[in-house]
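These are the structures in question, set out in turn.
Paired with chain B in one complex and with chain C in the other, chain A is shared by the two complexes that follow.
Showing the complex of A and B:
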């Protein structure tokens, strides 16, 4: 099709993406010039950082030349600053008198990582990034010293995607930690990380990570193009990026995969996907992603393949249950009673006898109540959590049944649906089922089973029309590819899984060459 | 001329669409009921002939690779006569798609929703088809791929379930060829050959968009044989469980057969479920015909078919209701008039007339281009 050709058309690889401070500040009203005179520079930078209590300019003397150190006190560790920078500049240390900025660095800070800033933009950018910038009178450029970073959260266990067996590290808010978590797992020089800055005002660091030997060059090019097109004031979480670069916004299904598990990201990168890591967000994105990705947990690969295949089938099943069970109840109990076995029908109708509402109202109210409880459970302070769960379980569940407002069967159905919707390993996929469930209930209330099927067919049509970075969203199922079926609904043993997904058009399609099936050593006639 | 969006479907998708297309309305109305217990033999004969017919269609398409039925007609008959014949085909495709839609509407309104106006079913169904075709042939093919496992397994399961319910009586199939071959052949031509096999003429609009065109002939013939086999399977189930007499009298034989299923005192009245399995077959069939008509209009009017999808599909929804006053009239038309006045001319006569003209013109063109090349 046109779009695929358009996306996978080989384009010339653009290599240069080093972003300079000039580009970042070009839209802002900041003067660019770095003066030779120290006073002018100090005046300039003090004006810019006016009303910021944490901005400090320490004036010092290097021999008889004036100099100053400026930094944001909140962005760097003061200890390191004192030890590494201020102490060595202290007049009591009798260093030879430096002539120019290069020799200052050589003499005073031979071990500190540094950068020269020859424009005022770079100075400002470095100060904002937690550097200590040393400006010396009469020099054409300033010296920026990288000081140890501020406090960051320790690496903890993942809170949204827990597993039983497998690595228990999760990404944190710090981008460097996150990248190191990935690098630690893939020790390969072809693992590339390219950096971008997004957001007009926030200038947030965004890094894309990929294997240059595996990832398809056109997908990569498309990712870069979309990132460069991002034009927005502020980016605070990778969720913002997700919405800005996905193929289509008007769909309940997530077109971009997110996770806080480094092992899962590494798996995706090794398949030929591109990871997007945003500074300040513990959720890392991968593109392109397909529907089946959202049913795969990284634990599938750590447990025996039979078990994980079974669990995967359970996930698909529970997705369907979460989607259609309430509407099936409405359809069967209002339109197609004859489909139910007589005994079951009798017991359901006996329970519904005292209920004053039609089934659809009943289920709508209960589902809505459940959604409210779920939302409250997420948002409320932990201290009152107990209260809500007791109130929810007792009042909404038991009392409503006893009061004859809803039937017992219905409570079972709502509860089962709710549990089934939590099975999806990726949280934001279950959101789509939540939304669609309500529409489905409405359809089934109007058309019965016919409506349910009508809606499901429309949903499938919508799904197959979706694309994520040019890759069909239902890839490997539609368009069907028999060779991909070793890792879709069931997982074959690791040794049988030799190919990377072909729908990602990887540059090197094979994971490994041979089929090394584990087998016992040849018998040695041990009986003798 | 406006820019054409070139879309491709894979061979597998073509096979899937053909299969569901064949199964589609056959599963609703049943075939060969006139030949009593020999219906399955009639279907078998028709399948072989149908495979030949499909091979002939693809053979025609191979003469002009990359051009669909309408472009071929223009090529053969010239601009104006081509347009007229093309318009006739458009009319034929759209009319048949309305008929197929009506089949399903009758099924729903008589089996499930007795009180629901037929318009509701018609409009919702054709709405889905329109949405799917609006998104393109690719989406159509992929949707087929998603649903084929369900359609296939359910049809196989019905047979097994009837078998396990103990309703499957082989003696209903006897006597084999009790009235000789005569009635069978009479029934095969024109009725069985044209419906469901001859209707594959619509695929002359779709096959040119298959990515591996060279293998299209093999795949189509193979698919026709497979679907013929499945239809035989369904017919045998119907005869064996209902008996020839009852099968003749029921309007929806497969449904009546499925009604016999009773397993574990839990799985009962599955005929409703069958209706919903059939639904996808019908959607495929309506959409294929609709697509044929739309492509024809695109060719004749020179505007992208996407602009026409919604208006034309709404017209189909209306025609489906208006073509006949009630189900009896609808079925009668289908048995008496449609094969003779619509199927045979469009499925057999025009293609056969076109064949020598096409071969001659292609040769002429080739000779001319060879001559140009040597100069």
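Showing the complex of A and C:
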């Protein structure tokens, strides 16, 4: 029960996936009552949707009974609405005219998915979700029909996490598409998706996905609890959720993993993590996350293990380079000239001849320039991208050196650092190295190597203190676990990797039973 | 309380410590060579050679002097070097000093211990520069001689010593701490390399001398300087230096050996062997009252050239050549040891240290006057050379010539 110590007491959760409209609207000043009188209902719904051009109430007559269809025209496909709903109800149709709402559904819409709304809240909620709601005079409930949805973006290749080998699908903004991308990969009834609505005003759909046979129940409980605690006006992207549920906000390190790759999410779910999918965001989160997750790309598992182990080591190395290289340069060149080999010192000194700034100013200016160029590169319209890169490379790089404002070796260091900081497969991890780098340069300029070391010690202390949903952020490295090392710094072959990470306390710790090491069949004919 | 203490500790680690001695690369002058001469008015005259960094710039190399020098007189090294900025614009840093030239007069008359202390004490000096005794010319000349390849003279000297040590041997491999250890040790006397200038030092200082194919002046290694305590008492030649190294640790060397012991005096024939692996073992003991110095050397070698008509495909010839080499090397080394015994009477080899290790009780009695004991000791050198290979050829093509043609 080690993990349970970190978490709060287990709480009996309502095992009820269906969230009622009453719960969603309980905070708002909306009348609850659904009247038997059609006019009263039309009046209160028209008051509610006042000043919305797309809200429509079509009044019809079913025989001699008054009825109406109300919907938001922008939230559903009008073709389907006309074909499936309005045409069937047209008075010239020679259907019998039933007055009972149940028989209306049975007679007119036997193939359309539907829902009965017996409160006014449900009616409003259904209208907001793109249903066409049929209200009939004298009936105690309304009939909501699900009409085909509006246009959505097609599935495309991931734009932030590209790989060479492996599936090329990426999540989209539509939550149903995203869930289907996961379901497609894990065909298992134990793959559960539980639904939540977050945001007081936006009431955004949030779904958590997990394997009920693998994921630790305490972790799951904690995730649900934190989601229920969310109290905010609006949620627009999973980035909002990330900040609202993570263990600690005042840290440069991301405590929650995000990706737009379904295969990566499936891998995490199969390890015992919980995925959080927010409607309207192509970035899906998984919790708990540890530091080493941010150094793993899903391609690591698709390329030969020797190669991916090597690449993974490169990633850790470039993380260190991106973090300390500029500060090492400052420390060595202004404090510890004796630590450099003579020839190297001479050539660096020769390059610095005539540079008017101290090394720390020089490096600060260049690093800032680079950050500005990067920011410009992300924000500017695509059409001017070429201009900025040419101006950036030529003016900042070459001309500054030729004018003698910065030294060559510095440009090399800044460029190398910049490239190294892009190596992390998850973008927001490289942000943390960018931030820390500046502080580190400052430390090295004041205290030399001593400062660099001091800062790194503080950084490691901070990392050790972090938790992601109760799991130590440096899990498998600190606290060190030799059995976990098969998939941390290097990756062992798939057949050798039999266990799920123990720091996630999975309900079933083994991925597979046997040790089926691939080998050639015994040689035939004189093979003995 | 705990938090306050922790905060205090963290604050102390930032506020009370740290190196506020930062200095930009543009404000330092990297000293590569130091030369010590006797002063005219004061005790020493110190010359420092520091690099002119513009010479190392790839973009627009100035055609100036690669190093610049500055000379001052004073009574102690730290004082002079602190005063150097009377004429030098930048702060001197000494951590990259590559060579320390000591004028033989200083070493002979004043001894070296007075300034070695300040070098050992200073945190700036590394223990990797060469201590060189300069012969004939003043030490400051050595800090100025340009070299067309390495440009900085002191870098050239150190590199040349390093290369020589790898290919032939000829530097005692003595650094500052070794030297100081040897001064205070009872069973060993210090040695240092010597250098001379071949050519005209006046011309060699000129940066234009780098334009010439034949350098007008060149710094050359010249052998060993032998010290008694901290005073210079004499020199050994380069050949003796190699023999000295053979008793210490010889990495590799090339040696030519006559084919016949008493061959044709007018046209002697030689074969060369290259020593690739060398082990030497020193034994010092007393036979009655007579000190015995025993040196056992085992070396692996291969034949590198052959002037004599020998058939290298036969085992007997190998044995014969091995015996010739053993004898030759044994004679060389014995001669050097005897020369040191008779001419200088100081134990530069460390036989006394070996005695101290092997016969501690005896050593305690005799180490106080070890140099006299060393001088009267019997020397016994045993050399075993194992010839392993003969290059990419067995018989020399010379052996295939008709005998007459060779003689003609």
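Here is the rule we use: the second predicted complex is superposed on the first by the 511 of 528 C-alpha atoms of A that agree within 3 Å, B and C clash if a C-alpha of one lies under 4 Å from a C-alpha of the other, contacts with A are read in each partner's own complex, and residues count from 1 in each chain.
As a convention for this text, contacts are C-beta pairs under 8 Å (C-beta built on N, C-alpha and C of every residue); 3 or more make two chains touch, one makes a residue touch a chain.
Small disclaimer: the values here were computed from a predicted structure and weren't measured.
Under the clash rule set out above, the superposition-derived model of chain A with chain B and chain C contains a clash between the two partners. Touch criterion met: A:450 reaches chain B and chain C at once. Contacts of A:113 after superposition: neither chain B nor chain C is touched.
Of the two partner chains placed by the overlay, neither chain B nor chain C lies in contact with A:82. Look at A:338: by the touch rule set out above, it reaches both chain B and chain C. After overlaying the two complexes on the shared chain, residue contacts for A:46 are found with neither chain B nor chain C.
Contacts of A:346 after superposition on the shared chain: chain C is touched, whereas chain B is not. Touch criterion not met for A:37: it reaches neither chain B nor chain C. When the two complexes are overlaid on their common chain A, residue A:479 makes contact with chain B while staying clear of chain C.
Chain C is struck by only one stretch of chain B after the chain A overlay, and of the options 27-35, 81-89 or 117-125 that stretch is 117-125. Overlap of the chain B and chain C contact sets on chain A: residues 335, 338, 447-448, 450, 454. Residue ranges of chain A in contact with chain B, taken from their complex: 1-2, 335-336, 338-339, 341, 447-450, 453-454, 457-458, 460-461, 463-465, 472, 474, 477-480. By the touch rule above, chain C contacts chain A in their complex via residues 13-14, 17-19, 21-26, 28, 30, 32, 51, 53-59, 93, 95-96, 98, 124, 126, 152, 155. Touching chain C in their complex are the following residues of chain A: 333-335, 337-338, 342, 345-355, 358-359, 408, 445-448, 450-451, 454. The residues of chain B lying in touch with chain A in their complex are 5-8, 10, 12-13, 108, 112-113, 121, 124, 128, 131-132, 135-136, 138-139, 141-143, 145-147, 265-266, 268-269, 272-273, 276, 279-280, 283.
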